[in-house]
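Alright, structures below, take your time with them.
Two complexes follow with chain A in common, the first pairing it with chain B and the second with chain C.
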Partner chain A sequence: MGKGCLSVKSLSKDYGQKKALAGVSLEVKEGEIMGLVGPNGAGKTTLIKLVMGLIKPSSGLVSVFGRDEKELGAEDRRRIGYIADEPFFYDFMTVQQTIEFNQGFYPDWDHEKCAGLMQRFHLPPDEPVKNLSRGMKAQLALILVLAQKPDLLLLDEPLEGLDPMRRLEFLNLVLEDFMEREGRGVLISSHYLEELERLADRVAFLHEGRLLRVAEMEQLKVEEKTIRVVFQKEPPEALLNMPGIKAVQKEGKTGYLLTIEDNFNAIYEACCNYPHFILEIYHRSLEDMFMDYSGRDQ
Partner chain B sequence: MKIFVDTHSGVPIYKQIVRQIEKGIMAGLLKPGDQLPTVREVALELTINPNTVARAYRELEHAGLIESIQGRGSFIAADLPRPSGGDKEMIIIEKIEELLREARQLNISPDKLEKMFKKALENEQS
Partner chain C sequence: MNMSNLIRKELLQMRWILIVGLIFGLALAVIIVVTFHYMEQVVAEIPPDLMELLARYEVTRELLFIFGDYSDYVWSQWNAKNLYQAGALLSIIMAASQFAGEVSRRTIGFYLSRPVTRREGFAAKVAAGMIMLLLVFGGAMILIWIVSAIIGLSAEWGRLWGAFIISLVWLSAYYLVGCIISILNKEPIAAGVITGVAAIFLSLPGLFTATRDFSLFYQMRAVDFFIYQQPVFTSLIYGLLVSGVLFGIGMKVFYEKDF
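Right after this comes the complex of A and B.
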């Protein structure tokens, strides 16, 4: 993976007293898929809109393809593909008209891909957009953005309204496009955490406008665990204070639930070596981590 | 050989792929010279990040189990590394340690364990 596709530094957006985004710094490298996770109102949409230049930051910097977002020319802007959380269409236009309207903005429009996807999704070309289901609108939005051949793809909750099979199909098309050329980047926010677990290289957790954590997906899988251990006798305090233990909950007289976020192997070994009745490992999914981070009071 | 991944597993996806291919080789499902699907094909088949697949293939290559030929693809290595004497012992030692841990957790005494093990060995030999 190379340099930055996207870089935001200390990015903040205030609406009066409310901090929609507070000092967020994040990077999406070339050849990387970055997942954005957080409860409603965490600032995911605000962040993406700031990157797109649809709203202006209160402070901080957005760089796309190594250049300040404010100074991007039309050609560079065309390299950014965006699907909003509620994709906007002119309802009175038909599907075909919408495509023709969009393709006018992109000299490099991929007509073949567009036609192929239209066929694949069975979208009725002469149907007014206002008659399309939510899922079909999502498919249309995808066609428009992929035919554009973007180098940076910004997807804000793109999977809403799609059934499980169509979600997988959507992601497959994003992957296919991602692999077509070296150096593409994707920033995708989604509540469908299982899908993110498949796709994302790294995940960023947002909560109340703040970036709580960024981690590699594979690392999260290895380190994020819960250990249930019932010791035979009270264990040394040093064990319960080992680095990487995020939370300790007592169970019964000598039992503990340890929430681990780092250093898992060493902690597990330590528990193994101390006499115990039971020692179990529970894997924490992205959903468990989401619950954990969303429940925090910051 | 079809590859399956479990996103709910605590095992990283790339590791699941590595282990499956290792087992496939051990079981003879994958033979020296067999061609593996491309990174792209696996990524699309499983709907997973291609970097994950690439990482799995790199690890397998590093272990000498597969060979990647520029422009042609990835193949099961012609001469597979045979587990050395030391390696074989390591595998068994790990299994023994796992067994000891389980017995301890289930409160089975070392004496009882030894008796059980001897009985199992006898059954195996007859």
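Right after this comes the complex of A and C.
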């Protein structure tokens, strides 16, 4: 993976006393898809809106393609594609007029891709946008954003309200487009964790405006596991306190449920080496992790 | 390219306001000219002794002034009355719809996520508003000119056009006040009402001789230029300066606003 497409440093956003985002730092590299995970109100939309310049940060820095967001000109902004959590278009325009209005901003507009996707989605060009369903609006938003050929794609809950077929199609198209050219970056927030797990290279966990963790998806798949072990006798405290063990839950007399977020091999080996009756490993999904992080402060 | 695209979108969005405004403005223009044509005949038929008696009263003096000279009549009915009243109304509707309307319809995110800077976004909206004012009232002014020529009424058109430009510049200043209020509001109706209330405050200084120069609406009538024979540039530069300051404030407010 290359240099940073997007970088935010110590980014905060306050609304009066409420901290919508508190000192978040993260980077989306070229050639990377980053998933943004967190419950409602975690600050995902705030973060994306800050990157888009729709809201101003209370403190911190946003830089896109190595330039301060405040200094981005039209040329840089053409390289950013954005789909809002609920895409709103101009009701007085038809589908075709919306496309024409949009393509006027992008000299490199991909007419072929636009026409191809219009056909694929069966979007009626002369239909007023106000008559489109939620799913059709999401499809139109995707057409607009893919035809503009962005280098950085910001997707804020783009799958919300779509049926499973459309969700899959949407993600496949994003992925296909992403693979077409090198050096692109994608930041996507979603509640559909199963889909995100399939798509993202890295994932960032946000909770109450704070960034709890950023991890490689592969690393999560390898490291994030749960070990269920019933020892023959009470294990030493050092084993249960090994680095990488996030939570220890006792089951019965000498049974333990160890939630691991890092250092899996060493912990597993230590458990194997200590006399035990049962030793089982469970893979933890992104959803399990989401539940953990969401409930961390509760 | 970006700016023209944005301006086109604004004009397309306000097309119904433009159509209604044009119909209203053009009808007004015809009514103003035709009314003079008939009223001039009525005033001419008033017997001289009755005229002398009526001249003692303020209203009659004003009537005689208005119908005594066609240029004065056009100014009094156009700049000093219909243009600023209809212009203020049009400004309120446009400004409220362009900014607060965009927020309430939740399209502001789409608008600002196009590859344009906030400054361009603001400038495009204001430019479209100015074009609307120019089309509606410039069109009406041209029609007054044409209909007058057809009926055979001659006027000092240089002075009237000068007054018109002054009126338009000051009307733009009020429109910009409306834009600032609209940026600060989420609801177009609230923005419109506040801009309307602001008009009352902005016209208050115009009621007193000592403060009238500070009234936007007094300036909008181009009284100093048309009646007191001041050079056209005095009011014009003053108006451009005020509009420029309001444009700067509007741009700053729009730039700093969270959407």
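Please note the rule applied: the second predicted complex is superposed on the first by the 297 of 298 C-alpha atoms of A that agree within 3 Å, B and C clash if a C-alpha of one lies under 4 Å from a C-alpha of the other, contacts with A are read in each partner's own complex, and residues count from 1 in each chain.
Throughout what follows, contacts are C-beta pairs under 8 Å (C-beta built on N, C-alpha and C of every residue); 3 or more make two chains touch, one makes a residue touch a chain.
Nothing here was measured: the structure is a model prediction, and the numbers come from that model.
When both complexes are overlaid on chain A, the residue A:Glu194 reaches chain B alone and has no touch with chain C.
Of the two partner chains placed by the overlay, only chain C lies in contact with A:Gly73; chain B stays clear of it.
Contact with neither chain B nor chain C is seen for A:Cys114 once the two complexes are overlaid on the shared chain. Residue contacts after overlaying the shared chain place A:Met52 against chain C, while chain B stays out of touching range. Of the two partner chains, chain B is the only one that A:His283 touches; chain C does not reach it. Touch criterion not met for A:Ile260: it reaches neither chain B nor chain C. By the touch criterion defined above, A:Val28 reaches neither chain B nor chain C. Once chain A of one complex is fitted onto chain A of the other, the partner contacts of A:Met136 are absent, as it touches neither chain B nor chain C. Residues 49, 52-56, 72-78, 80, 82, 84, 86-93, 97, 101-102, 104-107 of chain A are the ones that touch chain C when the two sit in their complex. On chain A, the positions that touch chain B within their shared complex are 1, 31-33, 168, 171-172, 175-176, 178-179, 194, 197-201, 217-218, 221-222, 225, 272, 275-279, 281, 283-285. By the touch criterion given at the top, residues 1-2, 5, 8-9, 12-13, 105-107, 109-110, 112-118, 120, 256, 258-259 of chain C touch chain A in their complex. Put simply, chain B touches chain A in their complex at residues 7-14, 40, 43-44, 46-52, 55, 101, 104-105, 107.
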